[in-house]
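Given below, in the form of structure tokens, are the structures.
The same chain A turns up in both complexes below, where it pairs with chain B and then with chain C.
Take a look at the complex of A and B:
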């Protein structure tokens, strides 16, 4: 990790939202410290209200520029202090995809192609370049057959891919996804993870807040665990998932971790804990073949 | 869940559809003003005939007639009763009903007013039915309109389907909890009340994420000239046509003023 280039550096980050009555809310996140390296697939896990969305908003500069409140610490994205940059400046470097796919439509376009191009227009990309980028992104997102459709006529999974495409089309080096599969069916969720993995393999750094533990274990390189607005741990996914006490955090461990731990407790398996589907299949096969 | 746009644009390729939006806007205003300003009672109907020809070229003549006539007939009847029978300007009697007399001056005035309204209505229908909203706003922005104002204009086109969808979701949820939405008018009206609160609240909540979406897509960017995915092509012929439409409108307006004073 040390040899790779650090693209996100979060130091002692804390934030309290300013309420409408002028009072400060209790800290939404407190004393968060972690780093993300270039090309990494980084996941943030934690129960509801643990601070995942606050952290995602802070990474793209919405905190402190869009949400008012009391911010401590420092967040550096690709060498830029998010406090000193505007959200618009950060747009071409880091993009954000939200939970509700339909709230990410601009509601000003009549086709998916226009929706994808909306952000490009805002940063003054010439039309020919727009056409090229929109077509490329549509292919990557597997929505090229939907380009002329009205975004309002698509399913939730399709709209989420359009939203992801709208972010990807801006050529960001980092994409942040805030529980973007939470409102999707299992198939839609898998499609999003697959597409995100493709982007990650192309060199885009991915930061994904998600509680689909099986998929987090399958796809991520590093994981940050939040609980009660504080950081519990941060490290390599295998190490974290092997040692984490999920029940104390109101989280369910990946089913493969539970099964392999049972094997270990029963003396059937003595090596490392399985965190992926393939691993548990191999372990089970080995146990059965003995 | 499928949602539809309420934009009245009908995607049919036609010579009218391909015209530059500014040409259509200038034409709408010119036709409307000419129909209104020309002193002859039948002048708007000549323009209306022209609009029927345009609607035929736009492959929308059926829709145009079905749009204009159901609006025009009741309006004509209403204005005929008001102005034809009771206008103070009535001097020449066309028909004596016994209880009231149908006057020529009031009748002509009513016919002229209805014609003028139908010209505006019909021309506006053709404008919205043949102009892609995105092209319309791109044309405005190209003409110097603030892009943020352009966004507001487009968002207005699209806000209703979103509200309809939200209302439909809330309605389904309330029906599942036993709310009766069928029945007589009173029952349906009272069923509407429990839908309003959640509709307003959920709309307000989505505003925040919408704002965040716009921010993260560079909407707040102030250092660059905004570009558009939609291309709006203008031609020298159309520019000339727009000039002539403006000149024709000015001539008719001046002519009608002169005519009234002579």
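Take a look at the complex of A and C:
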């Protein structure tokens, strides 16, 4: 079946960064193995410095082509070995959104519209198609009212959506987002998850490193858990969250999971753990109405 | 220390009015959280406390003294502001030099500098990184370096601008320890944060800004019970509060323990 097509295959991946003094740093990630299928909303979670950014950089080929170091194992993206491919080739298929949107802006444009059109101009897309794609992306990102504004005058959530839009406009099949909600207020963060969800529903595969456990639970269907640069587990979000010992990994469990586990321990609930707000509200109502 | 804002207005040179009449009093050491969506004026307001920004109109009195009576450098000895972005603050080649810079600038005696730097470094877990270049620190460590460099000046009031952004569980715990320790030492800590769980765990007073005005100034639990006002500034109450609200609990719950107290009460009531 088409939806089960593997689009990312990571096999025994390890990486150590080369430091400025010529020494090799301790492994940034070690023995990572997972697969992402077409159309998944795949989240990577783990404490700071557990290896999330390293993985994101590797998926889009910045490792090993931009960051120097020792790479072991193999990463295949849409059938291509990232080691043998180039970053330019890969970015047409898999786009990366940085944690800090100001690292993504070109700083050469004076309007959101130009910013969104920048990448298309680089690959020589005809003007009319460019207009059409920029307008379409602006609508999806809910920034169509901002097209004439200077990108540097926008709020954090808005500028992050411009950054995401500038990646999306290139029509990638996969989008990788590296903790791009960390600096945003709760509403800004929700806005990002919501537009990413829209892209996902349009068939784009999403890989998102994020540590907001409630949102990861609410939005993702698969999750990879990192701890101390190693992989703890990966699989379907509900299954992983049911069995994960969050506190030993320095993570806060989603409140939905904590409440439903308590119901289960008290014998009030006998079915599966809730991972979404609606689910826990419905379960709580059912228990209260008994 | 008593800090009194009366009808504070502030406009940027572009003409945008960021603060539209803020009247607030701060005294004592009860930790205060300043919340509101991006662009609501939190940072602009916080930068007024030691005069980095000066009121366009209205008054700010610190222990009765007008803010205009001294320079920012002078006020900084008593009121420290930690920038949101460490890059705006750090500029020296070692962590130790960063930490010593402020105290030296305000002409603190060398003995006290050593003592304060040691305390600040230890509190912010920078003590094994004193010889490291700040730009070799991870982004979160850099944030703790900026916090330590303000603590080293031993001010009476410390403003932390969005210290929780990008922090994980360990980072948040360390922040909590820092705030608790400073509170115990009699400091007033005022913190801007988007992390509502963090606000609930650590602050007794919550001020909500919306479009340059104060729309809520209350104890934490009361603040999060004001669903409509919060919605108007696009702040979502934390998930556990929303679940309690959806279930129609009479009280506002802000943590799991309170949730289950209300839940058990409701359950007994229905039997």
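By definition in this document, the second predicted complex is superposed on the first by the 287 of 290 C-alpha atoms of A that agree within 3 Å, B and C clash if a C-alpha of one lies under 4 Å from a C-alpha of the other, contacts with A are read in each partner's own complex, and residues count from 1 in each chain.
Methods note: a contact is a pair of C-beta atoms (placed from the backbone, for glycine too) under 8 Å apart; a residue touches a chain by one contact, two chains touch by 3 or more.
The structure displayed is predicted, hence computed values, not measured ones.
Undergrad: Taking chain A as the common reference, can chain B and chain C both be placed on it without clashing, or not? Answer clash or fit.
TA: In the arrangement built by aligning on chain A, the partners chain C and chain B clash.
Undergrad: Examine A:31 and indicate which partner it touches, taking first as chain B and second as chain C; both and neither are also allowed.
TA: The answer is neither, since A:31 touches no partner chain.
Undergrad: After lining up the shared chain so the two structures overlap, which partner does A:233 touch, if you call chain B first and chain C second: first, second, both or neither?
TA: A:233 sits against neither chain B nor chain C.
Undergrad: Which holds for A:179: it touches chain B only (first), chain C only (second), both, or neither?
TA: In the superposed model, A:179 contacts chain C only, not chain B.
Undergrad: Name the contact category of A:76: first (chain B only), second (chain C only), both, or neither.
TA: After superposing on A, A:76 lies clear of both chain B and chain C.
Undergrad: Can A:258 be said to touch chain B (first), chain C (second), both, or neither?
TA: In the superposition, A:258 contacts chain C only.
Undergrad: When both complexes are superposed, which of chain B and chain C contacts more residues belonging to chain A?
TA: B
Undergrad: Name the contact category of A:48: first (chain B only), second (chain C only), both, or neither.
TA: second
Undergrad: Intersection of chain A residues contacting chain B with those contacting chain C?
TA: Looking at chain A, the two contact sets intersect at 155-156.
Undergrad: Could you list, by residue number, the parts of chain C that touch chain A in their complex?
TA: By the definition above, chain C touches chain A via 37-39, 138, 140, 162, 165-171, 194, 196-197, 234-236, 238-240, 242-243, 246-247, 256, 259-260, 263, 266-267, 270.
Undergrad: Which of the residues in chain A end up touching chain B in this complex?
TA: So the residues of chain A in touch with chain B come to 57, 60, 62, 65-66, 86-88, 91-92, 95-96, 98, 100, 102-110, 113-114, 117-127, 130-131, 134, 150, 152-153, 155-156, 166-167, 170.
Undergrad: Can you list the residues on chain B that touch chain A in the complex?
TA: Touching chain A from chain B are residues 1-5, 7, 9, 132-134, 137, 151, 154-155, 157-159, 161-162, 165, 206, 209-222, 224-231.
Undergrad: For the complex, which residues does chain A have touching chain C?
TA: Residues in contact with chain C: 47-49, 99, 155-157, 179, 182-188, 190, 211, 214, 250-252, 254-256, 258-259, 262, 277, 280-281, 284-285, 287-290.
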